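Naming follows writing order (A, B and C), and every chain is counted from residue 1.
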Amino acid sequence: MTTPAIILKAEKVGYTYEPPPGKPAEPALVDISLEVETGTILAIIGPGRSGKSTFLRLINRLQEVAHPGAMTGRILVNGFDIYSPACDPFRLRRQVAFAFDKPRALEMSIYDNVTFGPRLAGITAKSELDGIVEETLRAAFLWDEVKDRLSLDATRLSGGQKQRLSIARSLALKPKLLLLDEPCSALDPISTAAVEQALAELKSRTTCILVTNNTKQAARVADVTAFFLMARLVEIGPTARMFRSPVDKRTDDYLSGRFG
Amino acid sequence: MAVDDLRRREERIRLALLCLAFSSVLVLALIILFVFREGVPQILKTGIPAFLAGSRWAPTKGAFGIFPMIVGTVQVTLGALLIGVPLSLLSAICLSEFASRRVRTVMKPLIELLSAIPSVVFGFIGVTVIVPLVRETLGGSGFSVLSAALMLSVMILPTVTSIAYDALRAVPASYREGALALGATPWQTVTRVVVPAARSGLVTAVILGMGRAMGETMAVIMVAGNAVVVPTSPLHPCRTLTSNIALEMAYAAGAHQKALFATGVVLFVMIFCLNSLATFIVRRR
Amino acid sequence: MDPAVRTRNERINRLGIGLSYLVTAAVGLLLAAIVGYLLWNGWPRLSAAFFLHHPEDLGRGGGILPVILSTVLLGGLSLLIAVPLGVCTAVYLTEYTTEGRLTTAIRFGAECLAGIPSIIFGLFGFILFVVTLGMGWSILAGALTLACMVLPTIIRTAEEAIKAVPAGLRDVGYSLGATKSQVVWHIVLPEARPGIMTGIILALGRALGETACVIFTTGVSLETPMSLLDPGRPMAVHFYILAREGLSMEMAYTTALTLVGLILLVNVGAAWLLARKRSS
């Protein structure tokens, strides 16, 4: 039996936003340590302001682009410390993709949206791009709906379609890890189901880490669930066990709705 | 390493953009440098009091007193404000407080398009319409301070109206509701509550209108008469600082030309002080 | 309240509201009145010949072809210079720095520039471009001066357009591995393009109407400019000379009508662009 590879390892990760002048600094993350196996879906649940999205944005070094702050600890992707000076953040972001909560289409055709990442990375051969477009749109369960109108302006799609498009867009670079920040929060139940189905079929090729406010979604989709509360990781374990018999009382309280 | 190459390229782009961003500052510096370099020595040679207060402007004989022009500018500007500001204010009040949305969407663009009309066209209409009107109803040649003030007031209407409108709109609805709840009529609400509350924005509007009126050149040349005389009645002709420059620049040389630059310096300083005043008032609020 | 006072207040109220409506209507109708006046007087001479022929007898007859050419060259070249400078400034101010002394200085420069009257730009353009740099009275000198004049307008509108681009869109770019300049070029600028175009068109409208700063930099020659270093006479200047020298009122009216028509077209085009962007 082969030991499954660990694609992501967080070691005692802490993060503090730069405070406004005159105010004390409050940590957004304290002492987060966890491991994610390749080929699984990890769901991170927890009430608002627990640090879930901040943690996610640290994994593809998106956090540092717009928000000044201080990080402690290490994050290793496939054993490689992504905050070491030798790491190229641009290449990292192509291997660790990100899907946002609000569906956002770039103001260009569906085809150009999907090929945006690959074109920036230097892929120009039309045959290759065509292949990427079909493959990713199929994986996002959007191909059948748009295959005849790939040159349509993507901003004209519905919210659910845009969200699936953004997943296809993230997959175009064949990332090893896909991070999703509440991807279904702005979607209707049917679009949500389509996204969840896409994730389920995706995980064998692309490990997914999903932040969600919807515990039921975590129960449906994730192999492993982590519970964040007020900047700390309270509990992490196989989803079925977490929901059936959580170890920590706070986890139990949250899952039963005693607070939220 | 590829990362360092990318980072270096990004840094170079950032520096290039920084340099280009300074273009506006550079242009401002160049304007001040070149205009002042030509004009200030001439002012000093004539002597500041003689230049600013001297009433004799005879450049061929070396007399450079721009007092009549200063008075001309002041009179024409004040006249334009006296006529234009109440009208603009009333329009702004109507659009902001009383008019329905439909009226507003029609009227506001119409007024704003007025600012698109070039000043020479206004001057032309001034000559063909306003000057004869003044001549026939009030006497004189028609080319006068009054004609210029009338024309300028129309020219500053769109600017003052639109800024005043924004200032009035910025007053919170709660102010109006509070006044109405105390039994005030809409007109009383506007005049006693909203307008005072929008005071600083309205003052800015007036000052910007003043700046525009002071800086107007071609249109004023066409209607003001351009006599180098201190006007003692609104029906007298006058010459403004701007007209002075434009009229004589074509054939001025040597000290004469430098004196025109000096006139430009005075104008620049006056307008700069006005704009600083406006910014200061806005910041204080 | 004393009923006499109340009715007096109400009367003042009605008077005030009525007066403000009256004034507003009058002001709004001014534009129509001006355009109507020009149309009435300028229409007779308007014809294809007017646009395609050369002026005769100092402009008393013939057409305004070289004038149109000068106008196009001057407007086009000044935008060609001002737009990249202005957009780069706006990009730098919004994307590359945070508010601080540097941005305050740059904004101060742009605001001061916006308040300077055009005659001073004329003096400046004359002494720097025409005399010191030796360009003589030329389209080039005029275009450079006009570019300086419209720069603040372009900076302001470009900045607003770029600020209006939702922040999340930039994150999308970064998350796909783009560098900052790539995000700006491929995502932010295309998204801000309608707003920037509006600003450019407004600046064009302003440049077309300019006289004071052009007369002293581009000269007044009625000859067709063959190169950028030749003098020329754009429409506003031609109109001014016709009117002031009293050469031909008819031609003046028609030139004015053309000029105003062109500028109104430009402004309405800008407004239409903006409305189209808002609806999408």
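Here, contacts are C-beta pairs under 8 Å (C-beta built on N, C-alpha and C of every residue); 3 or more make two chains touch, one makes a residue touch a chain.
Please read all numbers here as calculations on a predicted model, not as lab measurements.
Farthest from chain C in terms of Cα centroid separation is A. Remark: the per-chain Cα centre closest to the mean position of all protein Cα atoms belongs to C. Averaging C-alpha coordinates per chain places the centre of chain B 17 Å away from that of chain C. Separating the CA-averaged centres of chain A and chain B is a span of 56 Å. Computed from the mean C-alpha positions, the centre of chain A lies at a distance of 48 Å from the centre of chain C. Multi-chain contact residues, meaning those touching two or more other chains, occur in chain A at positions 90-91.
Across the assembly, chain C contributes residues 179 that each touch 2 or more other chains.
In chain B, the residues that touch at least two other chains are 6. Of all the residues in chain A, the ones that touch chain C in their complex are 60, 62, 65-66, 90-91, 93-94, 97-98, 100, 102, 104, 106-108, 116-117, 120-121, 155, 166, 169-170, 173. Residues of chain C that touch chain A in their complex: 166-179, 182, 186-187, 190-191, 280. Looking at the complex, you find that chain B touches chain C at residues 6, 9-10, 13-14, 16-18, 20-28, 30-31, 34-35, 38, 87-88, 90-91, 93-95, 98-99, 106-107, 109-111, 113-114, 116-121, 123-125, 127-129, 154, 157, 161, 183, 185-188, 190-191, 211, 214-218, 221-222, 242, 245-246, 249-250, 260-261, 264, 267-268, 271-272, 275, 279. Residue ranges on chain C touching chain B, taken from their complex, read 1, 9-10, 12-13, 15-17, 19-21, 23-25, 27-32, 34, 37-38, 84-85, 88-89, 91-93, 96, 105-106, 108-113, 115-124, 126-128, 132, 148, 151-152, 155, 179-181, 205, 208-212, 215-216, 236, 239-240, 243-244, 249, 252, 256, 259-260, 263-264, 266-268, 271.
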